[in-house]
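One structure below.
Letters A, B, C and D mark the chains as written, and numbering starts fresh at 1 in each.
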Amino acid sequence: MTYDLKPSPQPSGGEAPSSESRRGFLKLAALTGAVVSTTGRRALATGDIGFFAKDLSDEKLIDMYRTILQIRWHERTQADQMLSNPDYRGYNHFYAGQEAVATGVCAALRNDGPFDQIDVVYSSHRPSGHAIAKGVDIPKMVAEMDFRATGMNGGYGAEMHISDPSVGFIGADGMIGPAPVIASGSAFAFRARGSDQVAVVFAGDGNYAAPHFHSTLNNAKLLDLPLIYVCENNLYHQYAHYSYSCPHKDIAEAAGAYGIETEIVDGQDVVQVYNAAKEAVDRARAGGGPTFIEAKTYRYYNHWGAPGAKAGELGAFGYDPLAITSFRPEREVRAWMQRDPVDIARKILVDWGVVDETRAAEIDEEVKAEIAEAFEWGLSQPLCAPEDGLKHVFAEGTVPARQFG
Amino acid sequence: MTYDLKPSPQPSGGEAPSSESRRGFLKLAALTGAVVSTTGRRALATGDIGFFAKDLSDEKLIDMYRTILQIRWHERTQADQMLSNPDYRGYNHFYAGQEAVATGVCAALRNDGPFDQIDVVYSSHRPSGHAIAKGVDIPKMVAEMDFRATGMNGGYGAEMHISDPSVGFIGADGMIGPAPVIASGSAFAFRARGSDQVAVVFAGDGNYAAPHFHSTLNNAKLLDLPLIYVCENNLYHQYAHYSYSCPHKDIAEAAGAYGIETEIVDGQDVVQVYNAAKEAVDRARAGGGPTFIEAKTYRYYNHWGAPGAKAGELGAFGYDPLAITSFRPEREVRAWMQRDPVDIARKILVDWGVVDETRAAEIDEEVKAEIAEAFEWGLSQPLCAPEDGLKHVFAEGTVPARQFG
Amino acid sequence: MAQKSWMYSVLEAVQYEMQQDPAMTWIFELTPPVASNPNMPVINLETEFGRKRVVNTGIDENWMASAVLGAGLAGSKSATYIPYQGALIPFQVIQNVAGKLRHKTGGLAEMPVVWIIEMTGQTPGFGQQHSCYEEDSYYMHIPGVRTVVPSTPYDAKGMMHAAIRSPDPVVYLYPAGLRTLTQEVPDDAFEVPLDKAAVRMEGSDLTIVSSGAGMPGVLEAAETLTEEGMSVEVIDLRALNAMDTETIVNSVAKTKRLLTVDQSYYTLCPGAEVIARAVENVDGVKVKRVAFPDAPPPASPEMFTWMRPNAEGIKGAARALV
Amino acid sequence: MAQKSWMYSVLEAVQYEMQQDPAMTWIFELTPPVASNPNMPVINLETEFGRKRVVNTGIDENWMASAVLGAGLAGSKSATYIPYQGALIPFQVIQNVAGKLRHKTGGLAEMPVVWIIEMTGQTPGFGQQHSCYEEDSYYMHIPGVRTVVPSTPYDAKGMMHAAIRSPDPVVYLYPAGLRTLTQEVPDDAFEVPLDKAAVRMEGSDLTIVSSGAGMPGVLEAAETLTEEGMSVEVIDLRALNAMDTETIVNSVAKTKRLLTVDQSYYTLCPGAEVIARAVENVDGVKVKRVAFPDAPPPASPEMFTWMRPNAEGIKGAARALV
């Protein structure tokens, strides 16, 4: 039967279409790595869109490139763990393909300093890219995702709940709906206390249908909140194309109806994303209110992945047999992979003379090694003590055990 | 202190501005009756807007006029009860001033026949006008509002919960938000079972801010539902002007953003309202999907009224001392009263040669007498038996008493 | 008759009722109404009944729950499957509108409506928002809505038939942790009542009361305890509201020992209500409660599996009580 | 020190805290934060602190509740007043986000947040949706949120100070039926703890436990019973979660008779939890429960006032128990 829950990837059952060509998908995805592919194309359709980004220091641009690579290699490495390491337990909602969005947005934010001065980011159920871009400690995140006691959140939260307020990463939220509304509350607080901080929320196209969408945008507009709503429109929410839940071609249209500034960007191009974000951040800091950025993007893998996955099965980040109503045509996936955010970013840096191909390849190797180390550290961390589950319910103390009567 | 609940009208406290001229308000409101005022003006700004209505039979037009008068006299009589009859216990969210909206919309609906063929209406916390227009039994409604055992709902529900499915009046709902979403569910059922019924929801401008607004319109559009959303924009939700909760000048703009057909009408002119509703109903029956009608209107009285009220105090359907953030200027009230829906309807009927002034005055007297009788019957009905409160929790049986241990 | 999985059994019931009643609708979000079972035809409501009656919506559980209510009020039987992530999003419309509608209309409102509310079944690893099992308590405090929680494929099918046919709105809790259970389930339609507990095992030393996802652990523990010589009576509540007081009281009057087992949080778990009803009606009862502690479920499997009530904990509590 | 009304006492606390902390915010919808008291200055938070900090919003209780949570997470103390009509609309964000946030972040999330949730106080005449008193049970099952319900102006002020200063998110239930109470309340800031019950009357024959709007009837009944020669101990729970088990158990160990009184529906009313904790810890306790029946409150005052627990019913139950 196909009524499965996420946790235990199960045989897809007799009725699942067996698709040899889809089975090949995973292999293809594995090839789309950092410097491997050379087919990236950069879209610079709308004139001098590199304006803000062109003013950035070489260092900053390289940092952005490095961030994209960190996200990519984190996932590649984690996927390898899932497929090959029987002891690995972490799961992930993969972000590969969307790296430029998180990177471009967070590059425009204030990510360090005292908590009452940094910008805050609210993430979704697909948080690891946002977390890395906002500057969390990657080894600690790796440890957290494998339920380690010394992980970023002590093993309490794992992937869908990672959080590090010290860098302004308020955190992931596994629910669709609430995060944007809560983020608008942070923006409300900034305005009330006269701070120039901004609040950013990343939300998928799926979030559009949630009633919270209306609350968020309506109040952001009415109260002129320093909120940036980044809609990552990767065309699908789980098993349905966004046209199943949204009558707009551009979701930004819906936001524009409230009188909110909107911007639609190529989410595969970190420079386009950065420029839009920079404009939004400047506006918000100056008291100009909210901005809605719709980044057109695509996730390479399927909705999520977990250990023990086999190519072609649910949880294998390949074709998903649950996708009855509407699913992703393989040609669509292949086409999007031709516009890989890693390739596009690298090409920009090379075009702008920031790095040459050799240096770009070196950076890639450096990041790969850094991530390998992160996994080594993370996966060698201690497991949690069972009784610690009774802590952190309230700020102080522990709650009593009740499972023994 | 000013933290009052609705139920017990209380002295407004030391800090309430004492306003002599506002005290005069109630007297003014009392004058704006049926044939008394002669200052009504009819707005026919947009060309031949009487098109559909002009095709109606004299009988139907007179019925509509009669409905408007029923609503008005029901309220006038009830207000008199509140001010003068110490035994009267009913309260009301008065509809006076808005009569043409309910009347014009319901005149375009199918209001009798088997339940699986009539159109359904969902009302709000301000339901008596909608109920009368949909065709409920007025004496039984009067009895219900005074908590009588033989009332429309056995005294269980009273004003904010009146309901009579037999005429398609699904009923009132004291909550802001849920009704439109639920109404869209009825529309969904009609479409699923291939029926040509339509579902109508009346909702105030206050409902715009509720997250349910988005759900309702989004799904109505996506699924092409035979839903008519009638937004009665009377400019205020309780103590705030609608601009406090809505960035649009016309709320219809918000609906239009979803790609829904919209229509903005003069809610004081029953013919304008009817024409818009007729078009919407025809469209919905033909499978053309939802319509959003915004009727610009105004309530004469304050948010609500209750027995024991004194002019100039909360619950007295006059000036409201709780109105701190934003309240209704008396000049605004006076100006709207110049465009009284009773006067406008009467003038149309006279202009169209349907009745003359003498017959119009007779009808007014007839309705007045009918309502007087309704009150006589209603208020002579038996009170409820206490134990009956344990019934109607589930379809069968009673639940146990628990209040005695 | 065949060994059937939980969801196959449920969808068999739904399919039958939808075949009987061409007005009936089904609204889903991300879990397509599809199930298969060895040597049985695949059930796919979406393809069988078409997208006007079986609709895949956006992520808006409040719309889903409200829409079936509206469909019911318009005279169409209607059911929706709310995934566990949205289990409490439609709470207000069920609690404040549906639960009160029949009463406030003096009996006029008809609501042939079923909300299938998925509960995660406390999956290790997923943590706070994705491993919880707490909805039972919230929903069972609502008057006017029948809240039930089957624990076997057989009951799941029979209670689904009863729920769809019931004139009362029904919250049908589905503990998804039980999805792997299989059982002999008749092919034909049959009803299991929505207001009766089931005595799963008879005994005289101790009454254990549980429901839903608590049941497998209870049955496992009861088996061991029986082997150890204890005479255990096991009650599966099935109906949370209205609750079957009689079955509880009869049992406790006999055993004078009551152990309640819940996967819900301790404070105000269904067992609290069971205990209160028992001791209000029977004097001198000794009681114990096993429940999830008053903490959200942590992601770490080490923490989580220690906190989640299981057969070992139940056995220990039972031994301490008798 | 002066005789103060409930809301004046509460707003005094809020005003003080907002004066101390210029970042603190207040969000309201239709009840402006204004209160007056004889011979005292009028408190008007909106005019005193301006509309950037004190904001009047649209009818969107979920936004209000979520916004203060977001404000808290951004480091600003924040409170909101949710009117009773919207009392359960923000349920999911409190239950599924706020209640789990500290735990899921391993202790990192800070939420200096107060949700004042108004309960209607069961006003006769208004019926099902406008006379109910049921929120206590729903909110008290949530771990990670402190749910409290003061029953006197003094506690209302002291617990508001404590709630605003608490690092934990607090659901502060306000039984609006108590708005007419007045009491001597200090002008200065003081705290009443969020996790301690209050023994309102000491006695040895019977323990009566109640909270919030249940208290006036209990105190009235206790007075009569005392006059009749019964030695009654009265406990006001105040804290629903985490509940003060010790105070309950100590009392019941002494009296061996427990009567709980709730305005909430019978099934899973707070009293069910009180009873369960009592009998888990003390053997041989006789118990009774007074509560609103499992029916929505009807509008008819005849039905309603008969169903709502009052001093007469409490006295009868107490006499039957002792």
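The rule is simple: a residue touches a chain if its C-beta (ideal position, glycine included) is under 8 Å from a C-beta of that chain, and two chains touch if they have at least 3 such contacts.
These numbers come from a predicted model, not from an experiment.
Visitor: Which pair wins on C-beta contacts, A-C or B-C?
Guide: Between the two chain pairs, A-C has more contacting C-beta pairs.
Visitor: If you average the CA atoms of chain A and of chain C, how many Å lie between those two points?
Guide: Their C-alpha centroids are separated by 35 Å.
Visitor: Using mean C-alpha positions as chain centres, tell me how far chain A is from chain B in Å, no decimals.
Guide: Computed from C-alpha means, the inter-chain centre distance equals 48 Å.
Visitor: Between chain A and chain D, tell me the centre distance in angstrom, where each centre is the average of that chain's C-alpha atoms.
Guide: Roughly 41 Å separates the two chain centres.
Visitor: Counting only residues that touch at least two other chains, what does the list for chain A look like?
Guide: 155-157, 161, 173, 175, 209, 211-212, 215, 218, 222, 244-246, 393, 399
Visitor: Residue numbers in chain C touching 2 or more other chains?
Guide: 57-58, 60, 62-63, 89, 92, 96-97, 103-104, 127-129, 143-144, 242, 288-289, 293-296, 298-299
Visitor: Touch graph of the chains shown: is it line, ring, star, complete or other?
Guide: Contact pattern: complete, every chain touching every other.
Visitor: Please output the residues of chain A touching chain C within their complex, sorted ascending.
Guide: 1-8, 13-15, 89, 91, 147, 149, 155-158, 160-161, 173-177, 206-211, 237-240, 244-246, 322, 324-326, 383-390, 393, 399-405
Visitor: What residues of chain D sit close enough to touch chain B in their complex?
Guide: Where chain D meets chain B, its residues are 5-8, 30-32, 34-38, 42, 44, 46, 56-60, 62-63, 85-86, 89, 120-121, 123-130, 176, 179, 259, 266, 288-310, 313-314, 316-318, 320-321.
Visitor: Which of the residues in chain B come into contact with chain C in the complex?
Guide: Per the stated touch rule, the residues are 115-116, 120, 151-157, 161, 163-165, 170-171, 173, 175, 178, 181-194, 197, 199, 211-212, 215-216, 218-219, 222-223, 391-395, 399.
Visitor: Can you check the complex and tell me which residues of chain C touch chain B?
Guide: 22-23, 25, 27, 52-53, 55, 57-58, 60, 62-63, 66-76, 78, 92-93, 96-97, 102-110, 143-144, 146, 166-168, 242
Visitor: In the complex of these two chains, what residues of chain B are touching chain A?
Guide: 209, 211-215, 218, 221-222, 244-248, 253-254, 257-259
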